[in-house]
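Labels A, B, C and D are assigned to the chains in the order they are written; within every chain, residues are numbered from 1.
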Amino acid sequence: MINETLIPKVGVITDIRKDTPDVKTFRVVGTDGKKLFQHMPGQCAMVSIPGVGECMFSITSSPTNEEFMEFSIKKCGCVTEVLHALEVGAQVTVRGPYGKNFPVEEDFKGKDLLFIAGGIGLAPLRSVINYVRHYRANYGKVVIVYGARSKDDLVDIDEIQNEWVNEPNTEVYLTIDRPQDGWDGHVGFVPAYVKELGLDPNMTAVLCGPPIMIKFTLQGLLELGFDKSRVYTTLELRMKCGVGKCGRCNVGDKFVCKDGPVFRMTELDELPDEY
Amino acid sequence: MKDVELKMLERAKALLQSGEVARVIGWKKGEFCYDPAPASFESVEEMENGFVYNWFCGANLSKYLIQMAKKEGKTAVFLKPCDTYSFNQLVKEHRINRENVYVIAVECLAKLDVEKMKAKGVSFITDVEVVDKDVKVTTAYGVETLYKPDVVLSKCAVCTKTHQVKDEEIILHERPEREVNRFEEVEKLEAMTEDERFAFWREQLSKCIRCNACRNVCPACSCVKCVFDNPASGIAAKANDDKFEEQLFHIIRAFHVSGRCTDCGECSRVCPQNIPLHLLNRKFIKDIDTLYGEYQAGEESEGKTPLTTYTEGDTEPNDVFNGEAK
Amino acid sequence: MQEVTEKKEFTPTIVAFCCNWCSYAGADLAGSSRLTYPANVKIIRVPCSCRVNPMFVLKAFQQGADGVILCGCHPGDCHYVTGNYYTRRRMALLYSFLNYMGIEKERTRLEWVSAAEGARFSAVMNDFVKQVAELGENKRLTDLRVKEGE
Amino acid sequence: MLKIAKERLNELYAKINESMGLFIPVKKAGEVNYAVWSEGKEVSLETLKTVKSPKNMFFPQTENMMKFKQEGKNIEVVDVRRDYVEEGKLFVLFGVKACDYKAIEVLDKVFLAEPIDTYYQNRRNATTIVTLACSRPEESCFCRVFDIDATAPQGDVTTWLDNEYLYWQANTEKGEALTALVKDLLEEGGEKEVEAQKEATKVIIDKLPFSNLDLSKFQPENLNELFEAKEWEEMSEACLGCGTCTFVCPTCQCFDIRDFKTHEGVIRYRCWDSCMYSDFTLMAHGNSRTTQMQRFRQRFMHKLVYYPSQNDGLYSCVGCGRCVNKCPQNLNIVKVIKTLGGKDND
């Protein structure tokens, strides 16, 4: 009998990193110690704890990492609550990869790239940023704008401050919503910061974060002269099957699990406003 | 029936025109003569274009008031005798603000069940006319006459209800007085052996497709979040994966509405598999009547229900089987 | 003959919901007085018999109980003054209703057991277990999935 | 053309049942649904519409997908799928009407698209479908709108029923194999009777009130215009948010995946779900459809616009009319088509 995508593989959690008060990054490998499956930046996987439930998460680690996969997960529902209570060595089930990836090998190639993330929105972007770093010569200038509620809510701050900022031809801008002791960086919301920075509108932009942030940041980008056809974002809806059959994440003629989660802004314009 | 409809239309239009009410809840014409749908009307034009009151207006409109009566302005509603009990019960449970509603009590000489008519073999119905106890059905295959008591909704078959609340009434034909025992079917089941009863319910409930129509239509099921939709309850489910879940759903639902169920019969009317769900609720009603004194939910819009009160000399649960509830 | 032996071997699973203030103390007293009751009675302590939602009773059956018994303070003695009066009405209706659905009436019971009635607790449990054992396994109100693989 | 006398149908069922599982409309507690045939069951081929559609046979309302055994921290995934063809366990689905047969085609496009749903495929491959032509369509039928010929359904075998005979015509290899199995019970003849029945039924279909619904407006290019239509509010006003329409619908295919804890481990099963339910799109941090209007709109937009634009214009409605008959408050797809469909609907 042919393989059934709905039947998951067993994964072992080999490392848990506490990024922020409510975000943990889980490192997962197969029971044989090897990476469970290959993926591309932006793709997702279904992680489940049998008896609790199954949820779609974006794969945070870069495909170029041959050893393991990582998921940065925010505690906000039934499944994530139980996930956060797990310890290293615990087993979960994983199936995937699902969805369309960022066009890193097509549209992104040779371009200057702008990554804008808010809060946990960094999770899907980390995968693509690290992919770009790995094949650095294929891409132009990289600008990263990342904001969170406070400095404690910045996910992966170590990697950003120790590695990303040192990359050649790369600019990193961090911001937090409100002033805070021990923070001497920029303070303010991402959309305003983006406008302040006066970014080059010829860059290809990737946006990820809460819907309200995406809405206003996009407005800002358009004001700066960005073209919608070169702005990408990711959508998130309730999913169960991951392969466009259960009907849950259907918006217009698209299924977010299958046709997304990565969408070009011009594609979103054609969809009914229901996401 | 046409005369009643015209009178209703006239009154509703007057109320809308005078600005006394902002909207009227009634029934709207469907595709056939037998499928009117509940609807709200906000203007005279809307009323003239679509309003209908006929032999098939069985739907209980009281539950819609939970949402509608929250809107700006007063809402007028047409309530049949059985619907007024649900209305009172909802007022009692603070789901509806009585002051926001203008109740027009309308006559009802029983409503017809098109599924029962179709089960008698008529199909491709183009017209239905009722004269006394004859239901004359015109179909593309010919004309047939059915006996009305055979094809009324099950809730109407044993109805002796009268309007419990009204701001005005539209009653052009008096309903003849009659003696019926609404517990007859329950008694039949009680007279069976345990095995027979189990087999009866097993067969009926095995048809359940868990569409939740009975729950969603039920005026007593007015919880904002139902226990069956709440993952934390441990019994949330979308389908009956096991026969146990069929039983569980209906037992819990019947229990949750016990003492509050007005026997409006909507559950049985809407069931796509025609499970006689009213027989579940009626058992509770009958037991309450026998054990704690006659009680009809919805007769009043305040006071306690049998399950929120007690007396010191209540029957012991173990004694219920010794014939006291039967 | 063989049938009879099989029946005798059946030990029913009994769930007993016991009110914290009377019946649970009664069970304690039974224990400390060395009065025995069968080990297959699983006691679930509840703050008041009134805490027992009808759903608990059904859940117990779902999870494999063959009989469910509810024990509370004697009417008039409720720690919360009136809780058990409500219990009495609720369970009277529930038990009657379950029987109406064809569930054997011997599978459900309600008893009032005070903290001083250790002997009575033991007697009640022994009697109920015997009653359910005679009836056999609960097949009418149980979830087959739960028992899968057993 | 072959035929078998009506009173010998039980012999036919018994013969099929000797070597294959037989699913057929059976009356139970007053309602007719597809069920496993066995001697003594009350078969009702005459019933125009079973309450549930035969989709239940390929896509059951609940279906166990896998089991998990847990020991300490270890999880073992147990595949519980069955390849019926390999096991030699075959089925016959008997008496499928033209609309329901078309609905299976609609489901195929979902479940047999890559990645193939093997649960569905295993059942589908193991089943021979015997269709039955309609001879007494009723007012809620509108299959002709979707170019379905109720008088000559496709399928592995097509049958026609009149007062005396069941007429039999094999269309495919599977159908031929089934015919070979029961050939001793069949006799030659019936062409004339079948032709006469087809003609007579077509006359009725012409007269059906919904036979000429205009779907011209439901085109992918009108997606956003239809989505924004102000009429949705009014059309959905009486909607109870129950799942009746979705569960009786032969093409609705949304499902939920859930876990159930047993004494031994966990069963993961899937079950039908309904986009009409308030928690269908509920996530931990929000719900993309918060009103019943949005959920109502989703169901009909999916059937009439979204699905066709994904599947070369094939509508995800087959005009069976079950929702017309079963909606507790008499809302249905016909009202939507009439309101939004096109100018020829008046």
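Simple rule for what comes next: contacts are C-beta pairs under 8 Å (C-beta built on N, C-alpha and C of every residue); 3 or more make two chains touch, one makes a residue touch a chain.
Owing to the predicted nature of the structure, the values given are computational and were not obtained by experimental measurement.
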Pieces of the assembly after leaving out subunit D, positions unchanged: A | B, C
item	value
Middle chain, criterion being Cα centroid separation	D
Greatest separation from subunit B - chain, by CA centre	A
Comparison of B-C and C-D (more C-beta pairs in contact)	B-C
CA centroid of subunit A to CA centroid of subunit B, Å	51
Inter-chain centre distance, subunit C versus subunit D - centres from mean C-alpha coordinates, in Å	46
Whole-Å separation of chain centres (CA-atom averages), subunit B against subunit C	36
Intercentroid distance (Cα basis), subunit D paired with subunit A, Å	39
Two or more partner chains touched - positions in subunit B	241
In subunit C, residues with contacts to at least two other chains	145
Per-residue multi-chain contacts in subunit A, two or more chains	78
Interchain contacts, given as pairs of chains that touch	A-D, B-C, B-D, C-D
Residue numbers on subunit C that touch subunit D, as the complex places them	64, 145-150
Of subunit B, residues touching subunit C in the complex	186, 189-190, 194-202, 227, 233-235, 241-245, 247-248, 251-252, 254-255, 258, 280, 283-284, 287-288, 291-292, 306-308, 310, 312, 314-318, 320-321, 325
Touching residues on subunit D, where the partner in the complex is subunit B	28-31, 33, 48, 51-52, 61-62, 136-139, 204, 207-210, 234, 237-238, 240-244, 246-248, 256, 258, 260, 269, 271-274, 277-279, 324-326, 328-332, 334-335, 338
In the complex with subunit D, residue positions of subunit A that touch it	1-10, 50-54, 76-78, 80, 89-93, 236-238, 240-241, 243-248, 250-253, 270, 272, 274-275
Touching residues on subunit D, where the partner in the complex is subunit A	65-66, 68, 70, 73-77, 79, 81, 83, 86, 110-111, 113, 115-119, 122, 220, 223-224, 227-228, 253-257, 259, 261, 265-266, 268, 270, 273, 275, 280-285, 288-289, 294, 298, 301-302, 305-306, 309-310
